[in-house]
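Both complexes shown next keep subunit A, but they swap its partner, so subunit B is in the first and subunit C is in the second.
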Partner chain A sequence: MKLQWLKTDYGCPPSPQLKGSPGKKSYIEKTLKGITSFFMNGLFSEEIISRGGLLQSIDPRVKVLTLGLLVVAVSLYKHLSVLLIVYFATVVLAYFSRIGLRFFLLRVWLFIPLFSGIIALPALLNVFVPGEPIFDLVTFKNETALGPLRIPGTISITRQGAQSVSLFIMRVAASVSIVVLLTLTTRWSHLLKALRVYRVPQFFTFILGMSYRYIHLLLRQIEDTHLARKSRTIGREKGVSGRTWTVSQIKFVLNRSMSTGEKVYLAMVSRGFTYELKTMDNFTLKPVDYIWTAGSLTAIAITLGVTWI
Partner chain B sequence: MDIENIFEIRNLHYSFSGKYTALSDVSFDIRRGERVVILGANGSGKSSLLNILDGLTFPQKGEVRFMGHTVSEDILKDEGFNRFFRNRVGFVFQNSDIQLFCSTVWDEITFGPLHLDLHPDEVKTRVLEISELLGIVKLWDRAPYQLSGGEKKKVAIASTIAVNPDVLLFDEPTNGLDPRSQAELVDFLEILHKRGKTIITSTHDLNIARMISDRAIVLNECHGVETEGPTPAILEDTKILLKVNLIHEHIHCHDGEMHRHPHGHLGDHAHEHKHGRGHRHEH
Partner chain C sequence: MHIPDGYLSPQTYLPFYGIMLPLWYLGSRILRKALNAKQIPLLALSAAFSFIIMMFNIPVPGGSSGHATGSVLIAIILGPWAALMAVSMALIIQALLFGDGGITAIGANCFNVAFVMSFSGYYIYRLLSFNSGTNIPRRIFAACVAAYVSINLAAFFTAVEFGIQPYIAHKADGTPLYGPYSLDVAVPIMAFEHLAVFGFIEALVTGLVVAYIARSDPSMLNIPALSKSAYQRSVSSARRRLWIGLGILILLTPLGLIASGTAWGEWGLEEIMQMLGFEPEGMKNMSNLWQSALPGYALPGLNGPIASVVGYLFSAVVGTGVVLLTAFIISRFVFRGR
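Take a look at the complex of A and B:
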């Protein structure tokens, strides 16, 4: 008889000895979970959208217009106090839109030090922005020159530098908060439709929509593949083999996305697609949209007036 | 040309990259209003055949005629013929994730009718009525990735039916569906049949084949047509089904009933089967 090895022996399980931190996941698992969670909940959250707060009740077209104008206005404000008021207003809006304040603040302030903080920090120093020193950091014997850059004898944080950095960071914080409010309270599909209303090229919005749609599909496939591999991995895995697998997966996902793309194109052709996209929008304006538009446009006009007059 | 024939397929040959044969010398006709099932084991070429019938891929040899017109890549470039063909032939893909490429269910169902230049009011009426029939109105604002397998299949069917094609191609429609969703699908196909639609389904699910077709075309593992005939007669022909690897010696069908023989060995010996009326088996 063949398959002699195919016999059953349940045996006795060895006593498990826990090593390392309990509940610690591999870096592949953590990265995959992080990416999936960002796309599923962080960027556009169905759960927050369905909570029915203030911003969720506003028509997407109105939201894109008013919040878009507010972002433009934020880039024009010259006073820190106005920017602080706008930022505070976004926190209030988040509260009335039933977005958890901790989640909202983290979402905004995690990005700011990462992207804008690194760019802005050097401007604090008198090396780049000369001005009235408020805090000395390092003192050298002499002044030196580094190419075109003059390094003063004492490197300090200046009042002018601190003002321009706080203005820059508050501008970024207010803008990011507005965009986060828009994306967290608007369905992705509605946002794309609203962009189409404002003449953003249809092909652009369609490709954005499809990308977001298929990122979900590919992420799910990657997660399934990872779990399938995990179920057949016996013993502890070495970091090298994990990294090798990750690289092979990148190639695999790329091939799969190309093949999916071809099939999707055939599915589109099958339903009459001939390189010209046609869509139908079914938005209707409600009284709350008119009130919101009037209120936000007035607020933008007043704050701009305070800044420029 | 027989005007009763919707499709006339003659000596089709199709291979992937010119190396791997998917279809070899396939010929058959499909008549108006027929319910036809294309039976074949995995890899026998069923999906490739449906892609060709829908004018998505084209055979290296042979001819596909649709209502008397040869369907080729060049002819489908003609806008008038393309519109005529796409209006009349709808395809429900095996993998709903491939077919559902829009951001919402609403966009998905409106995609086909809008691209065939229907008036927006007519599009709205169709979307509402087909969605009510399939019970998916509540899904309109949802994204396809948020749907279950059964819901995705319903949306894929709705998005195809909204175009109101005369011929419907279904590729393995019951794959991954629970029994309730399968039964709903069978009922829906019956409604379509009563409305005069020609329904061509590829499957290896013999239980479903009996319910959704009157005629069966059987593809063999050499990618050709093994036989064709009335579905009940084909499903009774154990020899043919064994030959094309659609049934196993221990699991097969007699007089419309599936039989499972209790054996617990792995291919060490073969059995002789002599079946007569009254479900008598000899081993």
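Take a look at the complex of A and C:
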């Protein structure tokens, strides 16, 4: 017997559709898709970390410091050329860290920079960013006003607009690339331990670590209930029943998280919890860490120098 | 509403870290006092709940579905400080692990979603549900209003953070270095999408979950336990009060007779002539386009003070009736079967 539809591949037939939304993904499918991408994200990171490339071999403390400084530096650059160099450097780093380039580019560009690009496009026009026109698009008889916006007689692409949009998109893309590099090559527990070194209070790192663990547990349960609901629903579902069910699920997760919190507390107390946290891996600096730190700090200093001098 | 990296200049994102650091410190102190060692697992699980609630898609009237941020809901259930901490943690996990929201913008994102939204939502809810006891419909109404207003407030702050970028960070030739849109574009766009769409989704989710909790676990909202029949009585008495209130408002409509002057912006052509000295051509052409059935809220052919009062009352009843009928017909067609 084929149990193909049990897989979390949601091209399968029994899916509740809401009235009036033919072809649209149902709310259950949307939630399941979000849950799947959460788990996939964890699996991908784990797989990439185990490949052992350049960034994977660098001490998490060093990586957090250097890549963190780089994100701040990216927010300070004023020249498109510097942003382009940094962006290409991240692609090269991805290559040497054995992250598939197609996967890396899709992961970075899909959604945030692409979305930012779309929303930034109108800023090319002198309607939003006034400046020297480089290409005239439309000419009207008079100036008009649309609410608070003043529409000039000739709508054109401005040099300032084009520069602004390209700076904006490349800044977003470079920042997202650096964060993706950091998260794809560093274990969550190592990242949190590295943050401790930089004086982030243990209270916060402990809660973040624990929270991430229990997100997994709770999401697994929600995935099960959603799959069960999906596989038991035939035809179209009424909005009201979908809403009532979803609300009951939210309440279920709320109850579950509160009671789990209590139980975890009792378990911690019974095991002699003293607020002192220990992780199993001990970090030691290797020669590659020193070389990486020196190289990346010099690069950041030079690029910032180019920006400010 | 999660601002990514690259949208905000350092002059903007650094002060938000400056605001959030003491708030987080204060939050952890307050919760430590209230919960002691218990706070760690409870906050961790609350953060997990906050993360997960953003993943729940719920069907909205109209056939589509959307998700809420849940900040107000968490603030209503756990209190504003716990919500501040839990939602901040969820936002930090999203930024560090999934790139959803920027690392440089963590301060600003936490300020908007975890602080502004949780605190404004919580206090609006408290204000509107003050002394409500077992009046559950008022609590649901308070939760909906709190969610709607506070998400719009958070969106407004986000829009202002976007919108000030061209003024504070640009090159010598005027090229914006970060978010390119100024306040007059960013604020109306964010306001429109949150007033028209996201506000209603947030209110729907918050209101429904509060209604569900009020029925299934009222102690969570500090409501004395109610039997099913008492719950029904509470709902029907609220409905009765709504009708009585509507009736009183209808009876009060003749008060309009003692008000002098005209409501701002509702001037007739003659008043405009007096104020401006001329009659705008467009208004003159359009003024005869529509003649109402009850002009000036008066009954045609009847004069005198009593006739005016009767006219006002009659207009109020007819107007209310027409609005209710229209709403009823629309609801029958649009939400049929839902």
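Points worth noting:
One rule holds in what follows: the second predicted complex is superposed on the first by the 222 of 309 C-alpha atoms of A that agree within 3 Å, B and C clash if a C-alpha of one lies under 4 Å from a C-alpha of the other, contacts with A are read in each partner's own complex, and residues count from 1 in each chain.
Note that in this section contacts are C-beta pairs under 8 Å (C-beta built on N, C-alpha and C of every residue); 3 or more make two chains touch, one makes a residue touch a chain.
This one's a predicted model, so the numbers in the text were calculated from it and none came from an experiment.
When both complexes are overlaid on chain A, the residue A:Glu46 reaches subunit B alone and has no touch with subunit C.
Looking at the shared chain after the overlay, A:Val264 reaches both subunit B and subunit C.
In the superposition on chain A, A:Phe273 contacts both subunit B and subunit C.
Residue contacts after overlaying the shared chain place A:Lys141 against neither subunit B nor subunit C. In the superposition on chain A, A:Ser211 contacts subunit C only, with no contact to subunit B. Subunit A is touched at more residues by one of its partners, and among subunit B and subunit C that partner is C.
Within the superposed three-chain model, A:Val71 lies in touch with subunit C and out of touch with subunit B [touch as defined at top]. Judged by the touch definition given at the top, the superposed model places A:Trp188 against both subunit B and subunit C. Put simply, subunit A uses residues 188, 210, 212, 214, 260, 264, 268-269, 273 to touch subunit B in one complex and subunit C in the other.
Per the touch definition, subunit A reaches subunit C in the complex via residues 18-21, 24, 26-28, 30-31, 34-35, 38, 41, 68, 71-72, 74-76, 78, 112, 116, 120, 123, 128-131, 147-149, 159-161, 163-165, 167-168, 171-176, 179-180, 183, 188, 191, 201, 203-204, 206-208, 210-212, 214-215, 218-219, 222, 237-240, 242-244, 246-251, 253-255, 257-258, 260-262, 264-265, 268-269, 273, 275.
Partner subunit B is touched in their complex by these residues of subunit A: 1-3, 46, 187-189, 192, 209-210, 212-214, 216-217, 220, 260, 263-264, 266-274, 276, 278-280, 282. Subunit C contributes residues 4-10, 13, 24, 28, 37-38, 40-49, 51-53, 55-65, 77, 85, 89-90, 92-93, 95-99, 102-104, 166, 171, 173-182, 184-185, 188, 204-205, 208-209, 211-213, 216-217, 335, 337-338 to its touches with subunit A in the complex.
For subunit B in complex with subunit A, the touching residues are 51, 54, 56-57, 79, 82-83, 86-87, 90-91, 93, 95, 97-104, 106-107, 110-112, 114-117, 120, 123-124, 141, 143-146, 159-160, 163, 266, 268.
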